[in-house]
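Here you go, one structure.
Chain naming follows the written order as A, B and C, and within any one chain the residues start at number 1.
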């Protein structure tokens, strides 16, 4: 029945069912915390798998992935923080009539430490004295807007930098994240800088599912939203990888000039991959922002990007499923490694050392198992469909390749 | 800003003619079957500085592009920009206060020299290995840390030169070891995409080193004492020292420009080492071998140079240069395991601006970036935000470079394959 | 195929169940209290480690005195990394995984703002130690208390002390662009304006090293007084680079950032830092009670520092006041602890700690703002001045306010 080559699919299915059932069977009293780790794990899994598509499949080593995540998160945050719908005009805010109701744009009041400063909506609310109810922008809409904004920025950055090759792309995207962080930190009046901007929770008013009531702080709805997003992203990535599009993209990675000679519009395909993966990062960021309820520019720092890169590489940068699983595993490991332990007289504080362990693991993986730690296991079972051409080409260099191999000395 | 309309108007005018110039000029040159590689750059700069007048002349005559044709319009564009700024904001410190401008420029120059020196290490590594070392900032940090520990904690009162020497030796060793252990697979063709492997593995090294140092020494800021005191100088005479006046920690020129001792010694040291390095690269056999490898690996190998050995030397030397910059600056700045990130970023900007692989370009780029940052910090009207954007100024330079002249100011093409065909 | 599917599903279910079976229920004893502190970058690790040490001393002292409700107390330290988005997760972990009954500590304001909502929603009493932002208590949440000074009020120390500088006309305020620095700078500027003094604010990115450009700009404005609101190493970097450029503490009246209180690090990082003014929380050392003095000795012995920092004292008190509240409530129930806290009179290292405003008396009754809700009204804010090189910050004379004054200010010019 079970063929050896089907094993990865089976394991994948087991994992999906495991994650789908987990919230219902697990019942220890650290339940919210474990759920939180998984939700964060799914978030990193989306980032790591889309980054592996970009880096591993298409060969574009962008360090701006967290920057795009930040664009999604901040777009969602700004929309959720500053925009409301109201049936009557406030007469305090900037507002536009849309049909019967008004789109209200709040005035930014910046970071204040006193509670006396009020934005225009609060002033209006005081005048109304509870007689009018304003509607916030729905969460799904702000996540969608965040995703789209990620796509737009992805297009701009991609069109600017993708005609260049590896080293420049890496430098530029790193700088792009840095510029973004600096702008968000500096424009305090709007973004609230380091203080972080608060936004609505994903299910601010709670939600009732199958007759069960979930409050805003309950993890289960957010868990499934994130899980669903992850599956959606993996699905899109799988479609991409199998399509003609994926073939082109891999051709690009293997030999850009040959692909160009065969008539593949290299820049166009590179930009397309870049835009799609940026949108995934932005969408994940927007959803995560709504789950956490606050975003700050510290998510865009290089450490966070290093984590995503490490997760993808350790999982297996040439396979997005491996990268996703690697991300979830490593997120779990990072959280569990926090406790310190004692060897003889020395107390090892794992809060700091765990990141050293992580870095060493990343370097050793790159050096001795460049396909990652999970990928070889998957490959053992299947000389599967996804990486087939790649593998074949690598293993038996043909005549035409000889010159390439030598010239890369 | 008093007349923002003037400034933004001129700015928009420059941008739009720059874009028009860049796009149309390239097309015009292409139609006439001329070399288009720098046509965009010349067109945009000419458009930005002279508007339609210069552009139409250029399109009619289409002269072959020389470096002079790139230099003068660029300077003119910068000039137009500055004049517009001065007219729009007549009360700005940068417009009315000459001594302020002089001290900002001297500051920019000095810090630019130091960062240019640091970027030199990056460019050296790149020209030999074809790898951008993302761990460059961490070597800078380690250089400073070791110097601090040697001169202040372990052997207080020791000659700081010994501390700097130990830092150099240690980072040279770390660089060489890392290269042997982790970068060698790049050369053998075992790794499918060596450039990307190089990026990732140095990225991993940066991560590891930073947290390793943090775990070892903690996160309290430390700082070394001033390495040398200035002698007391009063020129031209003690009563009215308008030319040069020094105290132990400060040097004042013309009563306006004041340079702090740590920066001054760091910049002098960087210049001296730069000269020594130039001598090494141009006059010694090993140096010549290094340059030969950077120009043509295969030919160098035929001439009896072992390129692998040169790889190790280049990586170790480049890392050591970053560490030396850190060792000199640990007397100027408070030091933490995280200090490497910002200088590393600046180095990246500098090498791209100067041209990846070009040694004089790194120095030139360093000075330009130093000046741009000084101008941004000093001249942006809103004081509350001017300094917040310091990390971003360099990035604007980077974007402009990538748009106008991706090979950098003094960039060149590399013959061997690993160096990426830009 | 269907059969395989079923077996796969069954396997997954078994896996999930077996995972859940391994979890264990938290025991009743010891009673756990959470302690928030930033222990990794980008948080202020130095401050976090000081608070951690102090909170562990609090645990030791409480247990030495017989513990709480017949149990030992365990302080569970949680690393907030100084990140607001981490804060809520960490609070969640403390409450649900570690099973803490109350939470103390807290350094960064942004962390406090984010974490308070979680603990309030989960009905876990929280006493914040060093989060200054007014909104933390300003939201009038039932389970949130604070013993740190209010930001708006701390700013008043800054500008009132500044207004006493003779001949003051123009002030330069250099601030980090955070939720601590920006509001404090704005409030100080407003306060100075009320005294007819002009102020210019210079914002800088946290983690900036090279201040030369901004120092020149400050210098060109010819200020009579400089106020620095940078935490972390930026506070040292700016002070020393200003001194290098001739506008340091020895050249014009100069109020250094909070980090200057760590005397050892201050003199190492800012050798030209003599004559700097520093804002300090807590009463003068000479007037410290026995508890504070003992803690100071223990702390110095453990850390090798010159003296205990004020935020370490606050952290210590935030834990011990919770222990007392649990004892008085005779329960670990959140609501009962809150009632006990609202009625508490705790002899802490900072003095007598109590919360006059809360559910029994709204701050508006006394015409005070919402931020006085569950707020200790008496943290002493003083201004000290280093007047000798290598002086210890606890030995430096207090020059303001007059109630605590132990020496005259020296205004350099």
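In this text, a contact is a pair of C-beta atoms (placed from the backbone, for glycine too) under 8 Å apart; a residue touches a chain by one contact, two chains touch by 3 or more.
All values reported here derive from a predicted model rather than from experimental measurement.
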- Using the touch rule from the top, work out which pair, B-C or A-C, shares more C-beta pairs. A-C
- Per-chain Cα centroid nearest the overall protein Cα centroid belongs to chain A
- By CA centroid distance, what chain is farthest from subunit B? C
- With chain centres taken as the means of their Cα atoms, state the distance from subunit A to subunit C in Å. 33
- Roughly how many whole angstrom separate the Cα centroids of subunit B and subunit C? 39
- Note on the structure: The positions of subunit B in contact with two or more other chains are 214, 341, 385, 388-391
- Sequence positions of subunit C contacting 2 or more other chains: 41, 177, 203, 205
- Note on the structure: Check: subunit A positions touching at least 2 other chains come out as 182, 185-186, 303, 352
- Note on the structure: The answer for subunit B against subunit C in the complex is residues 93, 97, 100, 103-104, 107-108, 111, 152, 214, 218-223, 225-226, 249-250, 258, 260-263, 332-339, 341-343, 373-374, 376-378, 383-391
- Message: Using the touch definition from the top, list the residues of subunit C that touch subunit A in their complex.
- Response: 3-5, 8-9, 11-13, 15-17, 19-20, 23-26, 39-42, 79, 82-85, 88-89, 92-93, 96-97, 99, 109-110, 113-114, 117-118, 121-122, 132-135, 138-139, 150-152, 177-179, 182-184, 186-187, 203, 205-206, 369-371
- Note on the structure: Listed in rising order, subunit A residues that touch subunit C in their complex are 1-2, 10, 13-15, 17-18, 21-22, 25-34, 36, 40, 110-116, 182, 185-186, 188, 192-196, 198, 216-217, 292-296, 298-299, 301, 303, 338, 351-352
- Query: Tell me, which parts of subunit A touch subunit B in their complex?
  - Reply: 55, 59, 61, 63, 160-161, 164-168, 170-172, 174-176, 178-179, 181-183, 185-187, 253, 302-303, 306, 309-310, 313, 349, 352-353, 355-356, 358-360, 362-363, 366-367, 370, 394, 404-409
- What residues on subunit B touch subunit A, complex-wise? 126, 131-132, 134, 181-182, 185, 187-189, 191-197, 199-201, 203-209, 211-212, 214-215, 297-298, 307, 341, 345, 348-349, 352, 356, 385, 388-392, 394-395, 398-399, 402-403, 406, 416-418, 420-422
